[in-house]
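The same chain A turns up in both complexes below, where it pairs with chain B and then with chain C.
Right, the complex of A and B next:
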């Protein structure tokens, strides 16, 4: 059983209602409303395919499924397997490109 | 169910999904429909109109995967979804918000249900604006009768006739080489012609047609006034090749006819084998297409060239703004592939040492096919006009194969023309190709399905009974430069490879073929390949291998 599952199910009620949205949340809403988030996601998908990252992740998953047998693997197992490796192996150039796009958007949105 | 082989299988639903459906039926799916939102490229997500950003009701988190409970419509992050299932009895099945895919919280795994996918897809298809040719768009279940099936039957009849003929002729053969292997003399830079002719001579359905008198020279002469007939000349070459005579043959009459047919290529210069291939099929079609009943049902040509080599390509252009897709279908006799050079050196990927195996930097045929069917952004100067938006928009194009031919000719674009530098060059890159090829991932049904996520949903054409497995039987290779070089064909007969270098024919081993620089590859449907091998038993007269002598010839 995963440790995080044992977290208390009930949040602290009351203080969430009146809270002002944080800057992060405002930015997030702007990104979603303008459709920029969707565009960035599409760009990221494209870049990750181009650089071979997707194929690499696919290969990792395939190897794992082969090792465990195809009936003994769940999506969650795969997510847990590739999340650390996937995060670590994204090329810096792609991170830089996305960061640049985010910056440009923030400037243009005049936040 | 369908008798064909749909390109997906329905996995057994887990116990929790089955329980859910038993007690709630499809009402949850139908309820969810109004929350579905589809982006132009075809991705579907769940969106509640009253909430701008979906958040976990328990921890307010927005990170990671969020799930929508099908019982109580609450949204939770993965951890809280699992807790939710523990505390609320029966709330087992949820929907991944970002992907609109089913998730079983007890099994901790993605689950699949055709009914769910149908609910998602029907909403999605209604949402996508359609072209006028509604009958061709996805989701329509009007599966046209595959004519290819009947074509295959015809081939098998042809095969039976030719089998009989070959078994008669076989006894005359004095060599241990399979019948039909005969060197072709070089008539002055005609290796481009010889290499393609060798492949044509051994393309099983094509060969069966000619050997079973599919094209009768006498009848042909009676029917038409002009003497020029490429099919007759091919028939002559077939007769010569399968006569049992092993001395190299000079296809001079054929060359002359071809020159008459393609006057612009008539010279003693070197030509492109691929261009020659196209022009020969064209020549046969011109003659044969006229005499045969042209359009049996939907206008597909019944001539032997097109019956054997013709497939159908599908090209989808999707507007990135509204999702409108315009689809066109183009017949083709071969598929031209760009050489996949996209393999970056592994150092490009951060924090990763260079892999020692070097496997990642090798081009493969499958890579080329992936590249061919990959979505491609169309140039933004000028942008393409979208019929639906009535404006110029960003769009993506994606190719796929709608219908596979009996014999699949794959052509690798090794000759590159750069309009910027105003020069052409040849790419000498090695390309790995498999001997057995499964084309399923490149079919329109697979390509279109992939666009919509992980769905179990019957698309048009899924039920077709076309075999997608191919076996290689000929490889045309090119050595040299753009201006001058040499073509050699490797033929695979009864699992043995033979090198056909103009007049010389040699037995070679697999490794040599694999190491060659392939230019055109000929694959035949697996069933036809094996049939040809079983039935046309060219039994070697001498069982001893070392008695093989290369056939000499003059060049």
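Right, the complex of A and C next:
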């Protein structure tokens, strides 16, 4: 049979089949759909403001901006600046609280 | 079952940590974005004020160190507190209310001297006008068309200064003592 010259080949069924979503993705979807992710995010934000973590990060940013000049700073710069220090300076109590809530949710979602 | 539970717990812990890490990353990006916005928009007043003060103090230091700016010696080019310089001669131009000419402000006083007072020509100009004050210095005639170049002798003009009467009339050429 003569195939049309201009028509692109129809993709095989195998190519269009989606891969199985990973466990991670499933959990993420469950968290988002139930609204738990939003609640956890707000909780974490509130705790980090209360304990002064956010102010510490802002002070780091301000110092960096002052040194580099306020028009020479990118979001990327600041993210790379804050990430290591931010992750390391999370108070243990806050981390424990959040992990507890996440685990509870995972159990309740029967994962 | 317990093995299954342990596995579950293990993977739960790992998943939880992972998920917690995601939450934290999102919050970090938010904070960075907020700080970036504040920096670029110049909303951080303290930062700006410090920059401004640094710049002003550097400027002031330069000005103090520069010897050509000191004191009254160079007052022609000195800068006042508003940053304005004034030229040594006032150069605004306006019209003289006496003779109607365009005069430069810095030259107005010398011009007035010539225009109103001390010169021979000035005095002639003045006597031609009809104001009461100036009539005292003329030969007493109230007529506006009075001509100073009358046929009377020059001595009568000299006596004008000493005459006390305001409206004394003089006939042609005769000279009367008060």
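We take it that the second predicted complex is superposed on the first by the 94 of 111 C-alpha atoms of A that agree within 3 Å, B and C clash if a C-alpha of one lies under 4 Å from a C-alpha of the other, contacts with A are read in each partner's own complex, and residues count from 1 in each chain.
Keep in mind that, in the parts below, a contact is a pair of C-beta atoms (placed from the backbone, for glycine too) under 8 Å apart; a residue touches a chain by one contact, two chains touch by 3 or more.
Because the structure is a prediction, the values reported are computed rather than measured.
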item: Comparison of chain B and chain C by chain A residues contacted; value: C
item: Contacts of A:33 with chain B and chain C, given as first, second, both or neither; value: first
item: A:42 touches, of chain B and chain C: first, second, both or neither?; value: first
item: Which superposed partner A:92 touches (first chain B, second chain C, both, neither); value: first
item: Touched partner set for A:51, first chain B, second chain C, both or neither; value: first
item: Partner chain(s) touched by A:23 [first = chain B, second = chain C, both, neither]; value: second
item: First, second, both or neither for A:62, with chain B first and chain C second; value: second
item: Doubly contacted residues of chain A, that is, touched by chain B and again by chain C; value: 28, 74-75, 79, 90
item: Chain C residues within the chain A interface of the complex; value: 11-13, 15-29, 31-36, 39-40, 42, 44, 47, 50
item: Residues of chain A defined as touching chain B within the complex; value: 2, 4-5, 7, 9-11, 16, 25, 28-29, 32-33, 38, 42, 46, 49-53, 56, 74-76, 79, 88-92
item: Chain C contact footprint on chain A (complex, rising order); value: 23-24, 27-28, 31, 37, 40-41, 44-45, 48, 54, 57-58, 61-62, 65-66, 70-71, 73-75, 78-79, 81-83, 86-87, 90, 95, 98-99, 102-103, 106-107, 111
item: Chain B - residues contacting chain A, complex; value: 39, 41, 52-53, 58-60, 62, 65, 78-80, 82-84, 87, 103, 107-110, 342-344, 348-352, 360, 374, 377
